[in-house]
Every structure is written in structure tokens, then in C-alpha cells.
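Below are structures written as C-alpha cells.
Paired with chain B in one complex and with chain C in the other, chain A is shared by the two complexes that follow.
This part shows the complex of A and B:
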């Protein structure tokens, strides 16, 4: 802290902590609380219940959770593979081709996701690319939106791993693929996990593009939450939002554990 | 490191400097640079570089930072592509060979151990990359770790080792696939002085145990080069400025740069060379006459420099031959030596002497002399390129 005198330090904390709690804590607290409530007329809810949760794990809500998780894993996995491949392939280019591809990868993350959704809808609504109404279009949308981040993360990681290690490996007789498998990718692992985590979290929360294109059989959680709250089923929406948040956090926690294990070695 | 201590008469060669030493009888591989040029964009960092490291020999490349030492070494390793010339390892032209096909060992300044592998896996890496059988690996890895005294650390991760230990592992790793050529790029400069000293001894011992190993050793530290190398190449601005047997180069530097870089010699401007015989010549320094070795065969009447090492000066009592006098500028005690500078005819001269109970005082006039056989006339190179 930059504040040295003790009373001032206490005063600063006294302002900062409540402010932090109000801005970050209150909305989350309200959602979690709402997910357990049967009625909310007063300042605090009443009729605490688990009924929203039991509903959530039975009805279409559960299908939405499944759809979201699958979309997240598949799109992030594909983005990880492609982003890593692109980053590795473009690693040694310093000039034009790299700039162009950097830009190309950057566009989807700069353009509003609704526009990306609309663009995909228009592009894939007629033969030969008739994907409209299939699960594929959702996966493609998520892939397009998150691959930029994977590419960016892996490129940043590649810039930070020691070049010497790879060159020594090569001079020891490691051919490119062997070197990639035994040196480059292991050194890159923390960045790969970070890239996957980020894209998974992005995919889990994606609404703008998905809502434009989702088929009836593949409703993701955010779309479901949107629909529920639109219908006035606020408590159910809150339950789904809580499940979305907790589910994402669990996956990220597991991934960060993997990444720490890799980084320690 | 004692096999090439014979003094060689390195002829004074006008530029371009071409370096090559008498081939030693041995069945290792030589490293050859033939007019190798390297450019980065518009910048040429290696100018038609020619040098041979004979089989089983250690050649040190020294020079100031940025002089192109690393570039030369990496050209041998295959990480820098020459814009001209050829690189040979043994009789193979490797100029266009990929690094993994060159069969060299490489050790770099920051060790570059694989952080995610245990020590034994680091050492096994080269063997595995070459597809060696498991029982070969099981035998060779402990052998290499024993060679560098790291047997008890086989199961550690690199981050659990000190700098010196990491460097030993890096050396074991480089030697495990039995390369004939070992490239070392400032391998000791990340270590502190004491460990550097003992690692230097161990490197020397390692080479006695592996007499066929051809070593190119890049360093900016002249004492490492003098300790280890049979021959030394001195680089500046991407060019080889001098090359020769370590002792010969130290005693008879072929030019000003070599004399100053290797051993911080005093170079006194002298005039009117008068050869006395094959070996010696008389010159004039101000109004005194000095004699010195005319190792580079300088012509009668020419002007040149006389190269006197700081430790070659002795205090004179009476007027001895080869005596000069000057005014003391500074006196510094360093435990085992006294460093003295004095002004002789406008030249600042450095000398070292054994510690004295009554060192001269600043401003005092002193007389010193040197043994004519210990000092050499060095041509004054007009060009600075």
C-alpha cells in the first residue's frame, strides 16, 4: 500500500472493502440467494427451497448444462489444437504473413459477438454450407470467437519459453517432431492450460452469437437463462446462473491445478 | 592442456588473417570455417571468417562483447545460416545440414537444462533422440554423470541444483551421445569466481580424459582461454584479428589489439628498428635505446610498439640495460601484488610487482627495466578494421 500512517490505512480499508463487496459480492450473493428462494418480497427472500435445483437437474435445464459443457469442451479443444498449431507454424515469421494472420485471428474478438452470430447465420444458411439449425453452427461460432484468444495465449507463451532449450534439444539430435513433443509442448503446457481455461470460460458464458443461431436441440445455459428470465422465472434463472458459475469454476480450478503441477516441474 | 606449449613462430601475416595450426595426430573430427560470412539484414557480423580447430584440440575464441563469437559458434551448430563460405566437421561439409544431423554437443551460458525432466532424463535426451536402446541408455547415463561428478543427483530436477551443478549436467548431457565436437559458449560466465576456477580445472581434466574431443570454446575471459586452450583466436567486429598457440600469442601478439586484449599489455611507441640478429632488435624510446625480440621480423628503420607485460618490469638499482624511468602516478595494493602506474615520456605504463614494504610514493621518480627476451616488438597497425 502507498498509505503509510496507520489511521489512514484503516480508513482506506474501511472504504475499499465495503465498496468491493457491493460491486462484486452483492450481485453474486443475490443470485445465489435467489436460487434457493421460493419467494422474495421483502429485503430478504423467504421460503428457502431446493426445488429449483431439483428441477434444474431433471428438465431441459439439465440438457442445457450438458450442451454448454460439451460446447465448451469441444470448441475450446478444437481452438486449442488449431490455435497452437497456427502459433507454432507462424512462430518464425516476423513479417507480413504473421501480421496478416494476427489480424485475421484478431477480428472475431474485436467484432461484437452478435455480429459474428449474424454473419455465420447468413453465411451458413444456404447450400453448399447449410449448417443452419444444426449443432455444428453453434460449435463453429464458439470456435471462431475463442480461437483468437488461444492463438494469442499460445503465441505469448512461445515467446517466453527459452529458445536455448529447444536449440540444445535440436543439437542433441532431436528432429522437429520429437523436439516438439518432448521439449516445446511440455514447456508450453502452462500456457496451453491457461489458453484452454480462458476459452472454456468464454464459451460457457457466450450469449450474443449463440442466441442468434442456436437450434432447438442445442440450447446452451446462457441462452436458457436468458429465456427463463425473459419469461419471468427469475428464481430458476438464478439457479441456472449459479450452476453455470459453479460448474465453470470447478473446471477452471481443476485446470489450474494441472497447470501448477506442470509449472512446478 | 600441456601438449601444445611449444612456441611456434607465428609469421606476421598481413590481412586477411588466415588461421590454421599444425595438425595434431589424432582421430577426432576437426572443425573448419572456410570464409564464412554471416549477415543479419544489412549488418554483416562475420566477415569471411576462416579458422580450423584440429582434431582433439581446444581452440578458444575470445573478443569483446558483440564481436561475433557466439555467431561463429552457432554457425557450427547450425542455428545461423552463413551467407557465404563453408563449415566443415571432420570431412563433412555441414553448411546446409540441419542442426540435428550435425552430431555436435553444445553447452550454453545459461545451461538450458530441460526444466521438466530429471537430471538423468536430461542426460538421456540425446541418446533417446537418436533412438538408442534402453540398455545402452541405462549404461551410458550413469557413466556421463560420473564423468562430471553428478551421480548422486540423477533424480533431481534442474531447479533443485546450483548453477555449477546445472552446468555439469549440461556438459554430461552434451557428451552423452558421444559427439566428436563440443561447442561451449561462455559456459562459466554465469558462475561466481570461485566455482568458475574449479570448473575450469574440471574442464581441463575432462579433456584429458577425452583427448579426441574437439572443442570450440567461446569466452570473453582471457584467463579461461589461456588456461584451457591450445590455440586462441581473437575476434573483433566479426573478424579474426589474431590466431596462434596460446603461449605464443600471449608472448608475441601480432598486433596492438591482440596485445591489449590478451593480458592488457603496455604498448610503448618506439622508433627506428635496428635488427641485431635473427631474434633481437634495438629500438629507440625517446632518448633511450631498448632491445626486444623482433618476433614479427619488422624492417630496419620502421616505427612500431614494444609490448611489455605489467609483470615484466623490475625495479632497477643502477643503470641496467633496457631501463626506463618515470613519475609514479598511482600505487595500489591488492594483497598479493602492488599495481603501480607511472608516466614515462608521456606514456602511462602499468606494472605489477610483489608486495613491497616500502612502495614508491606518488610523484616519485622510479627506474624500471625488463628482460629483452621477454618483450616483443609489435607492428603498429594503421588500419583499425
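This part shows the complex of A and C:
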């Protein structure tokens, strides 16, 4: 407790709570409110409607939702496998090469997403890899951008799991693959779920690289929201944004439940 | 001889084990380092490598303007995040109010959501026909919207502050939870006023978290794209937005590549700063591990 006198404490709250609500509560509130409004010419919207939601689950917008979910799941899954593999393999290395390789796996997180998009556009529009205009290039972009985060999460997890379990398994004669499958990976499971959640959230919100490379048939949710808001359809944009936000949070909540249960076991 | 044989025995096994790193490394090389290398090559021009394009682009007023805006926005937003994040964390940790836990959860939610959502929300709140302007026009019976900052760099700075303050607060709150409450209680029972406690106990203890969080914030704000794109102000062009408009709207890939190289070098520099900050203070003390 920093402020002891009651009037001062109440004064602090009187400033802090509204400030907090204006900065973080209000933006979320208005987007949700706008997603239900038919008209907003006054201080508050004049009539409420569900028409934007019924539009959201039809045609282009629904395709965008599907594209985003699929991209998120596939790219996060691939990044999880690759990141876990790299983190496990790096345990065999000594200090110096380990530090260099570690840095290499972290670098994609430090490069701006628009530049990653441009680089992929340049690289995969020419032989030997002609992927421009396909769904693959979007999946690759998302994979590259989130791979460092999954790698980082799994590495942090590996540093925290108890070493003795693995050593006991080894001394009891468990083969490396058996040990990995029955000891290391189960111990690592909460961190794997956390890594997947983070990558999924990042992928769902990715805009910078996607906007550079998306083919007409694979428009993700953020790109769709930008197109809608650019066109002036801000209520539809708010609806899609609400769906994006709520959808991401629901998936994260489910995954965190799974992770907690795994941790308890 | 026997000794040498024993000493040499584990070596081949180690080498085979280290081969496991090859597949992920190969994937990273093909999907990330190869494309990155190509934009570096493309930035030197199509035919014979020359620095001509580089010079031309780096001297152009659009690039300099973009660089200026990028730096001004990133530095102001980061400074704002540090101040706001420090104050909010201080209140959540040391003057806990009913619902402080909810506030903490709200911050985690903001981190998980895409950045451009805030810009969209700002249009409804601070836009010319937004909540604030409509209210002010009603109350003071004005004909024109009085508040007009959203479509300038101030709008971008405010949006980035909202989005990135949680990145400062997370390590700060972790650090604050390690400060011994007794230390603060003793100090205040000896007559130290809250401001003095903050200056002499809390601020020094939270310096690692502030440096690490601040450098991460700087990196993220330099590379921010969604917020600037959504605000769409004509005279607020940052480097990422310039790359996008050169490549996608003008099909000028060489110029885009030059700017991308500058942008990548800039952010790798900031990333090294961030790694150095963590290495210097230790990840645990910075509350980041």
C-alpha cells in the first residue's frame, strides 16, 4: 500500500478507474456497440440491428472468416512442430553455437511484417519457387512471422521442466524417441498449448505481410476489415472486428483450459 | 592410445545429434533468409549492382519524410507508453482498487487483439462524427466538430500508446510483485511521502523492466503498420506504409526493396538493443522470462 490516507486513496481511484475505462474499456465497447447499430448520427446509435451479423455469415465475409481460421490453425500447427523441433535439437549444442542458432531462430520476430511480405513476394514470384497468387504464400508468411514466438515459448518451457524426469527415464533404459514421446513432450504440453495460442492470436490479427501477398481467393479477416472500413462500411467492419476479437478470445480461453488441465495432471 | 579412443568416443554421437537442427534450419533458410537476401540484392538494382538506386531513394523527400515520421511517432509513443504504463501499474500494484484483477485481465486481452481494432474504435470515439465530437457539439451547440487530431500523427501516437502500454505493464507488474511490501511500509512509517517512495524505492527497482519494455515498445512502434494504414492520413507516412504503397500501389519494387532494407536494418538495430537490455539486466529481473 502506497497511499495511506483514505481521501487520497479515493482520489487516486477516482482518477485511475475512469482513465482505465476510457483507455481500454471504451474502445472495445464502441466497436461492439457499432456492430449492432443501424444508424449512428447522434451521440449514441439510434436503432439497433442484427443485419451486420447476418451479412457477416454470408458470402465474402464468411469466406474471410474461414480463410483466417484455416490460416491460423495451419500456420500455428506448422510453427509449433518446427519450433518444438528446433528447441529440442538446440539442447544438443554447446554455448557459443547455441547462442548463434538461438539468435537465428529469433530474428524473424524482429523484422517488420511488411518487409517480410515484400521479401516473400519478390522471392516467390521467380523460379525456382513460383508461389505468388497461391494460398501457400499466405500460409508461409504467417508461419515465418509466428515461428520465432513458438520457438521462444517452447525454449522457455524446456528451461523450466525438471531435468531429473528425463534422466531417470534414460537411466531406466528408455530409448530417445520413447523418452521424447512419453516424458519430455507430456511435461512440455502446457508450454506447447501456450505457444500455439500465442501464434494463433498473432496469425488471426496479422495484416502487414498478408496485405502485401494475399491472392484474390484467400482474403483473411484483417484484410477484409480494412477493405470494408476503407470503403466506408464501418459498421460492417466493426462487426467483423467483433467477430475476430471474440473468436480469438474464445479459442484462447478454451486452450488455456486445456493447458491448465494438462498442467494439473 | 586407449585414452584417446575413450575421449573420442562420444564425439561422433554428438555430431549425429546436432544434425537434428538441420530440418528447421533449412526451412528457416528457404522461407526467411533466402527472401530477405533477395530484397537486399534487388535493392542494388536489376542489372549490375550499384548504389545508384540507394542514393536516389535515400535522398528523396518522401523517404526522408517517412523516416522522420517513423522516428517521431515511435519515440513519442514509446515515451507515452512508459509514462502511462508506469502510472497505471503503480496504481494496480500499490493502490489496489476493487476490480484491479479485472484490469489486469483486460490488459492481457488487449495484447492478444490485433492493433488496428483500436484505430477502428478511435474513429467511433474521436472521429469527426464520433462520440466525443457529437457530445461536445450538443453540449456547446457548435456547428463544427471541435476535436480534430485523429487524422494526424497525434492520432497514430495515441492509438499506439493504447495498444503498446500493456507491453510495458506486463514486465512492470511482474517486477512490482517482487518488491518487498515491508520495505515500502517501513519507508512510509518513517515519514517518506508516496512520491519519495516511488522515486527512491520503486523506480530504481523497476528500471530493468522499463528499459527492456521500452526497447521492445520502440521496436514494435517502428514496425507498426495496421494502425497507420487504418488511420489513412495522407501526410502521416511511415516506413512500413511507404513500402506498402511503393510495392502495391505503384509497382515500384526496387524502391520498395531499398526502403525495406533500411527498415530491416533499423529494426534489427533496435532488436539488438532489446537483447542487450535483457542480457544486461538479466531476463528474470526485467520480468520478461
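Here, the second predicted complex is superposed on the first by the 262 of 265 C-alpha atoms of A that agree within 3 Å, B and C clash if a C-alpha of one lies under 4 Å from a C-alpha of the other, contacts with A are read in each partner's own complex, and residues count from 1 in each chain.
The definition used in the following text is that a contact is a pair of C-beta atoms (placed from the backbone, for glycine too) under 8 Å apart; a residue touches a chain by one contact, two chains touch by 3 or more.
Everything quoted here is computed from the prediction, not taken from an experiment.
Student: Is A:130 contacted by the first partner chain B, the second partner chain C, both or neither?
Tutor: neither
Student: Go through the superposed model and pick first if A:16 touches only chain B, second if only chain C, both, or neither.
Tutor: Once the two structures are laid over each other on A, A:16 reaches chain C alone.
Student: Determine, for the superposed model, which of the two partners chain B and chain C contacts more residues of chain A.
Tutor: When the residues of chain A touched by each partner are counted, C comes out ahead.
Student: Touching A:50 in the superposition: chain B (first), chain C (second), both, neither?
Tutor: After superposing on A, A:50 lies clear of both chain B and chain C.
Student: Once the shared chain is lined up, is A:100 touching chain B (first), chain C (second), both, or neither of them?
Tutor: After superposing on A, A:100 lies clear of both chain B and chain C.
Student: Counting only touches as set out at the top, which of chain B and chain C does A:211 meet: first, second, both, neither?
Tutor: A:211: touches chain C, not chain B.
Student: When the two structures are overlaid on chain A, which partner does A:246 contact: first (chain B), second (chain C), both, or neither?
Tutor: A:246 contacts neither chain B nor chain C.
Student: Using the superposition on A, tell me which residues of chain A are in contact with chain B and, in the other complex, with chain C.
Tutor: No residue sits in both footprints.
Student: Which residues, counting only chain A, touch chain B once they are in their complex?
Tutor: Going through chain A, the ones touching chain B are 162, 164-165, 167-175, 178-179, 182-183, 186-187, 189, 262, 265.
Student: For a test of understanding, state which residues of chain A touch chain C in their complex under the given definition.
Tutor: The contact residues of chain A facing chain C are 1-4, 9, 12-13, 16-17, 19-20, 23-28, 30-31, 33-34, 40-43, 82-83, 85-86, 88-90, 92-93, 101, 103-105, 107-108, 110-116, 118-124, 129, 140, 143-144, 147, 156, 201, 204-208, 211-212, 222, 225-226, 229-230, 234, 237-238, 241, 244-245, 248-249, 252.
Student: Would you mind writing out the residues of chain B in touch with chain A in their complex?
Tutor: Touching chain A from chain B are residues 77-79, 98-100, 102-106, 108, 110, 112-116, 125-126, 128-130, 157, 170, 173-174, 177, 183.
Student: Looking at the complex, which residues from chain C come into contact with chain A?
Tutor: That would be residues 14, 17-18, 20-21, 23-25, 27-28, 30-32, 34-36, 38-39, 42, 84, 88, 90-91, 94-95, 97, 99, 103, 106-107, 109-110, 112-118, 120-125, 129, 131, 134-135, 138, 162, 165, 181, 184-185, 188, 194, 197-198, 219, 222-223, 225-226, 229-230, 232, 239-241, 243-244, 247-248, 253, 256-257, 260, 263-264, 267-268, 270-271, 275, 289 of chain C.
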